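Below, subunit A partners subunit B and then partners subunit C, in two separate complexes.
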Partner chain A sequence: MAVHTSQSVAKAAGDDVARGPSRGTGNPPPPSRLRRAMSVHWYAWAMVAPVVIVIGVIIGYPLVRGIYLSLTDANERNVARSIGVNELPATYSFVGVDNYVDALTGTQFLGTLGWTLVWTVSCVGITFCLGMGLANILNRRIAGRSAYRMALILPWAIPGFVSVFAWRFLYNEDRGLLNKILGGAGIDGIPWLNDPTWAKFSVIAVNVWLGVPFMMVALLGGLQSIPSEQYEAAEMDGATAWQRFRHITLPGLRPVSTTVILLSTIWTFNMFPVIFLLTRGGPGEATQILVTQAYKFSFEISPRDFAQSSTWGVLILVLLMLFAMVYRRVLRTQGDNW
Partner chain B sequence: MRRGITATALVAALALAATACGSDDESGGGKSSGELSGTVTWWDTSTVGSEDKVFKKIAEGFEKKHPKVDVKYVNVPFGEAQNKFKNAAQAGAGAPDVIRSEVAWTPEFADLGYLAPLDGTSALKDEGDFLEQAAASTKYNGKTYAVPQVIDSMGIFYNKKIFKDAGVEVPKNIGDLKTVSKTIKEKTGKTGLYLRGDDAYWFLSFLYGEGGDLVDASSKTVTVDKPEGVKAFKTVKDLVDSGAAKTDATDGWENMQSSFKDGKVAMMINGPWAVADTLAGKEFADKANLGISPVPAGSAGQGAPQGGHNLGVYAGSKNLEASYAFVEYMTSVETQAQTAGELNLLPTRTSAYSKQAAVDSEIVQFFKPVVETAVERPWIPETGSLFAPLVTEYTKVLTGQTTPEKAASATGDSYRKLLKGWK
Partner chain C sequence: MTTATATTARHSARKPKARLRGDRSPAASVALHLTLFIASVIAVFPVLWVLLTSLKPAKFATTTDFFRETTFENYTNLIRDTEFLSWFGNSVVVAGLSTVIGVFVSATTGYAVSRFRFPGKRGLMWTLLITQMFPVAVLIVPIYNIMSSIGLLNQPAGLVITYLTISVPFCAWMMKGFFDTIPREIDESGQVDGLTPFGTFWRLILPLAKPGLAVTAFYSFITAWGEVAYASAFMVGDENLTLAGGLQKFVNQYGAQWGPMTAASVLIAIPAALVFLFAQKHLVTGMSAGAVKG
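Then we have the complex of A and B:
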């Protein structure tokens, strides 16, 4: 019972924070409600307190600090440092929204954002279509189905950086396997990571390879929850395969597919390891997405520009929050109870 | 489901907190009874697979002289060392006691307060013995922050066998380089030159060859976007576009070394740090097959960058005394003669050049005059920052994403942002 109570309270508290005014249930809570909640559910509050504190420290503090830094001109040379005998105080100052103005009026942020959007949309789109196709194939009774399922989940089971490094070897222009195979067929080697357009293609291909298992497994689960009676009834009525897919499978998958698309969009938008380990954003800055560029500001250039990096970080957060809000609103107008 | 997520998040959070708290416990030490003790951690950046073995052996030799000192040798890849050290030094945890700092990093580390001043400590011995050029980068604001370990420059490494097969001579200038590459391609089917496209250090000899420079510190002027700089960008672009040189935007070092070692390209521009690794290649089982000659001259003459490495002591080290002694040992005449003999690295001490090991090394003898005439960079804190903007534009030029003119001016703009108030 206690567990049950704590859960509902945690949910309500979470709703207030995350959803805020958009929840729009009308009348503001009377002041006595809080007191009543405290007296009735004090045990539940005590139970969630550690989690709230830990999350507050681990997520809240860095977030607030990041937002603060984005409003200053902090860099490596003016932050406080204490190294042995050298005590150097912080000398950076508050500059207001200058960093945001610079980022939003300059070409670098918008240019990077453009490619980040192309990257996200193409990765999610291709991954979703491939995952859907594979899930449908594997949902049938075919020989060796579990072996196929295993093989297709494999990319997910290997740590991301290992597979990205493996791809980097495959892509090597002179010594990579891909170009050796092409060479064997008498085709000129392709500059996979050395030509800006090919590099963009290559990073998307690797991310699709990494992302398909998740899509496939999630959609397969969705497919299996669609009652087979619906298909049988449709078949009786003479529906074609396409009609069954269009009018039973797709609507039946809707709850699953909306969730995986949202998740996969957020993950891909911030997919640091694929870009960083494969091309480091290169050649030049051709494959640099917002997070890798923010990392570059903070860790690769010198003096490290903490302020600009935080600014980009906050802008990424705002963009993703906006996306999630719009997405949720669109779904709700279409009748999903999100 | 929701409970599951919360539980996972909590576990993840705890795991994070646990790793964040676990910092390594550095054992202090020092000179309690006149004898050095404790641990000295050294971050070396030498080439893995060849140089690192020798340096590890030498570093551990310090333990024989001071039995109570424990030397921890750590090899950090050169490309990552600058950032890794800055991360650790700023966080105050996990930084080594001694760092092998590239010459351009030294003033930057010193400016940030990460290095201990060495004047008057046991780290500096026979200061007058150091080559003036080598010592220049260790000084910042009137103090000495590091001790020069090796000095270097660049030259053309060539495969004598391929040159003989093609019947060509070593190119003296860029024009020669193109015709030689063309002949090699026609006669042997091999590519002439490997030009590293992912590191702007390899661009410097072309820039100096056209009479350009990155910046002019004496007049506080950015010079990379002058016509000479544009011309240098044009030169490298032309080398790649005409097929005289091949390049890569990633994995440049590995690709360069393996294609040269396997005899797929006839030439590369490189420095003494690559010699040990190159000689391990199958084309160079006969060491005499490796030829070295000065970098090809541009329209204004010939110019190779002067580089090298210093040893600095981390200001937050818990074991300063032993670290100073370790730095002195690693830069002593004996050690330098040994690395000259075994690795063909150039000593920074004048007296080490007269040791037999250095006299016997052809490569040391070749590079000695090259270093003397090599172009020095200004040793200002920002010198270590000049490559990041340059390499982006350099790679863009080589991969056809921008024009030499635009690349030069974009590099100039970012330099002016970096160097406040410069022209």
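Then we have the complex of A and C:
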């Protein structure tokens, strides 16, 4: 046992092909151990090297630079740039955490964060419930099931920006189809995208429309993996449909649901195209979520405020990572080995 | 299975205490079909409406008729009078290159992370996971500044490099999921036959993972095909736009040209939708496999 430490560790690790010493089995490694690690692991390291290098260069470096920019007062007028033949050097300066203080004490960031949370929770919640309902219906034996499935998946198959323009076409206040139908029924047209409250409703509706197919297909996959013996046993015991749903379906869907809710939350929080293409954050700033507002700072206002945009970007990332950590921890305390 | 359910159904008819699965009243059937039908109409209608509108003359674009003087003039005008074909070409080049490079770069990593245990693996997996939740806002400014300083702004190459920040972590993560589904006995048999780990990967595993590679590539392509933020910020000038940027030309705050917009939408959506409907079954499998097994 003592002689074959690495062997037993590898065995404990299960069926790994390349057996090597595991981490954390004692003192900090002397050089000889480093060399031994190199000789054992160089294959794995060589195989992951391309990704590590690419990520380091095109994600790591910009990330570090973005964090640095958020600690400066960089904007369009003071970053390094070339005008014609003249190269102007960067003149922005380090201002410490001022941008973060401004963002976190001002009303704009917190206000936008509030709407972003409403947007994320309502989109994910509604999408999940609709997806769950449709998946359960589609999981029954019902005539024309595959045709329904095809039709319901269609919104996922169309590139998102195309669908958003299709909705914009329907939402058009003067000549859009929705208002024409309402007009035909004698109801006044609704300013779908021009009234703050209706615009919020409209963007959520479009995002739900876009998101339901993924939810439905994922949950349908989860439903089909629940063994039917469990339902048969419950039927023997006289469980009602609701009891079967509550005590078999929901627990059985837990692994899938936790994953899709996490993914969907992150996607919705970062959902740029829907807001940007449907309302540009308007009317006013009513539908602006954090990501689109950060984009606006750096590309739509003049002078472009790179520092503030980076600050918001970093804050968004921190919020998402906190969310993912808390989510994981909550799941783990509930006994999920995720 | 079917007969078993049928038998239980018959049992329940005799002594009804709780309604069983696959056993429902006609009213319930009607309700289910009605629900599915309404949901399908909501799902299909916006897309169908765009298709129908694209076949009407532009001046009737906002009429409520389903058909009116059906014509292809929106399509001919689109191709003749706008830069649609160059947008299409730009999108194909950018999305294609970022997919090919992304899959190529990340295939070995997906395999190594799936099979080997090595120092730094945990950190790498976390990095791959976290980079996928990067909001576009955190990288867009620094990348914009870097691209502008090395003269790659408004160049397809710059956009390809930018899209690699999305496709590389995604492809590596997804391919790990697919490699996980290939039995390890195959690796072991390769080792017994004296293949190096890379030889095993290249000659045995990669051919088996072809469907997975195809799905990964397809998904990565679609992501780049539909990307809006980077494309809108980095590409200016009519002939440099990708489709996501080009479509915005038709509908802006000054007015809307619904005729060419709908025709362009149809041309953009048809190829993507066709391939998607064939591939979608594998998409979810791969994605949830990768995510759940973590």
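Quick notes on this structure:
We take it that the second predicted complex is superposed on the first by the 300 of 338 C-alpha atoms of A that agree within 3 Å, B and C clash if a C-alpha of one lies under 4 Å from a C-alpha of the other, contacts with A are read in each partner's own complex, and residues count from 1 in each chain.
Following the convention adopted for this analysis, contacts are C-beta pairs under 8 Å (C-beta built on N, C-alpha and C of every residue); 3 or more make two chains touch, one makes a residue touch a chain.
In this text the structure is predicted, and so the values were computed from the model without any measurement.
In the superposed pair of complexes, A:58 makes contact with subunit B and with subunit C alike.
When the shared chain is aligned, subunit B and subunit C each come close enough to touch A:172. When the shared chain is aligned, subunit B and subunit C each come close enough to touch A:81.
Judged by the touch definition given at the top, the superposed model places A:129 against neither subunit B nor subunit C.
In the superposed pair of complexes, A:161 makes contact with subunit C only, with no contact to subunit B.
Legend: residue contacts after superposition of the two complexes on their common chain; A:97 is shown touching neither subunit B nor subunit C.
When the two complexes are overlaid, the chain among subunit B and subunit C that reaches more residues of subunit A is C.
Shared-chain residue A:38: touches no atom of subunit B or subunit C. In the superposition on chain A, contact of A:233 is made with neither subunit B nor subunit C.
Residue contacts after overlaying the shared chain place A:330 against neither subunit B nor subunit C. In the superposition on the C-alpha atoms of chain A, the part of subunit A touched by subunit B in one complex and by subunit C in the other spans residues 10, 51, 54-55, 58, 79, 81, 168, 172, 175, 280, 299. Across the interface of their complex, subunit A is touched by residues 1, 4, 8, 17-22, 29, 32-33, 35-37, 39-40, 42-44, 46-47, 49-50, 53, 62, 64, 105-106, 108-109, 111-113, 115-121, 124, 127-128, 130-146, 148-149, 161-162, 164-165, 168-169, 172, 184, 187-188, 191, 196-198, 201, 222, 225-226, 228-229, 232-233, 243-244, 247-248, 251, 253, 256, 258, 261-262, 265, 268-269, 272-273, 276-277, 280, 284-285, 287-288, 291-292, 294 of subunit C. Residues of subunit A that touch subunit B in their complex: 7, 10-11, 51, 54-55, 58, 76-77, 79, 81-86, 88, 168, 172-175, 193-196, 199, 278-280, 282-286, 299-304. Taken in their complex, subunit B has these residues touching subunit A: 2-3, 6, 9-10, 13-14, 16-17, 82-83, 86-87, 89-90, 92, 108, 111-114, 116, 197-198, 247-251, 255, 258-259, 264, 314-317, 320, 384-385, 388-389, 392-393, 395-396, 398-402. Those residues of subunit A that touch subunit C in the complex are listed here as 10, 13, 15-20, 22-23, 37, 41, 43-45, 47-48, 50-52, 54-55, 58-59, 61-63, 65-66, 69, 79-81, 130, 133-134, 137-138, 140-144, 148, 150-163, 165-170, 172, 175-177, 180-181, 184, 209, 212-214, 217-218, 221, 228, 231-232, 235, 238-241, 244, 255-256, 259-260, 263, 266, 269-270, 272-273, 276-277, 280, 290-291, 294-295, 298-299, 306, 309-310, 312-314, 316-317, 320-321, 324, 338.
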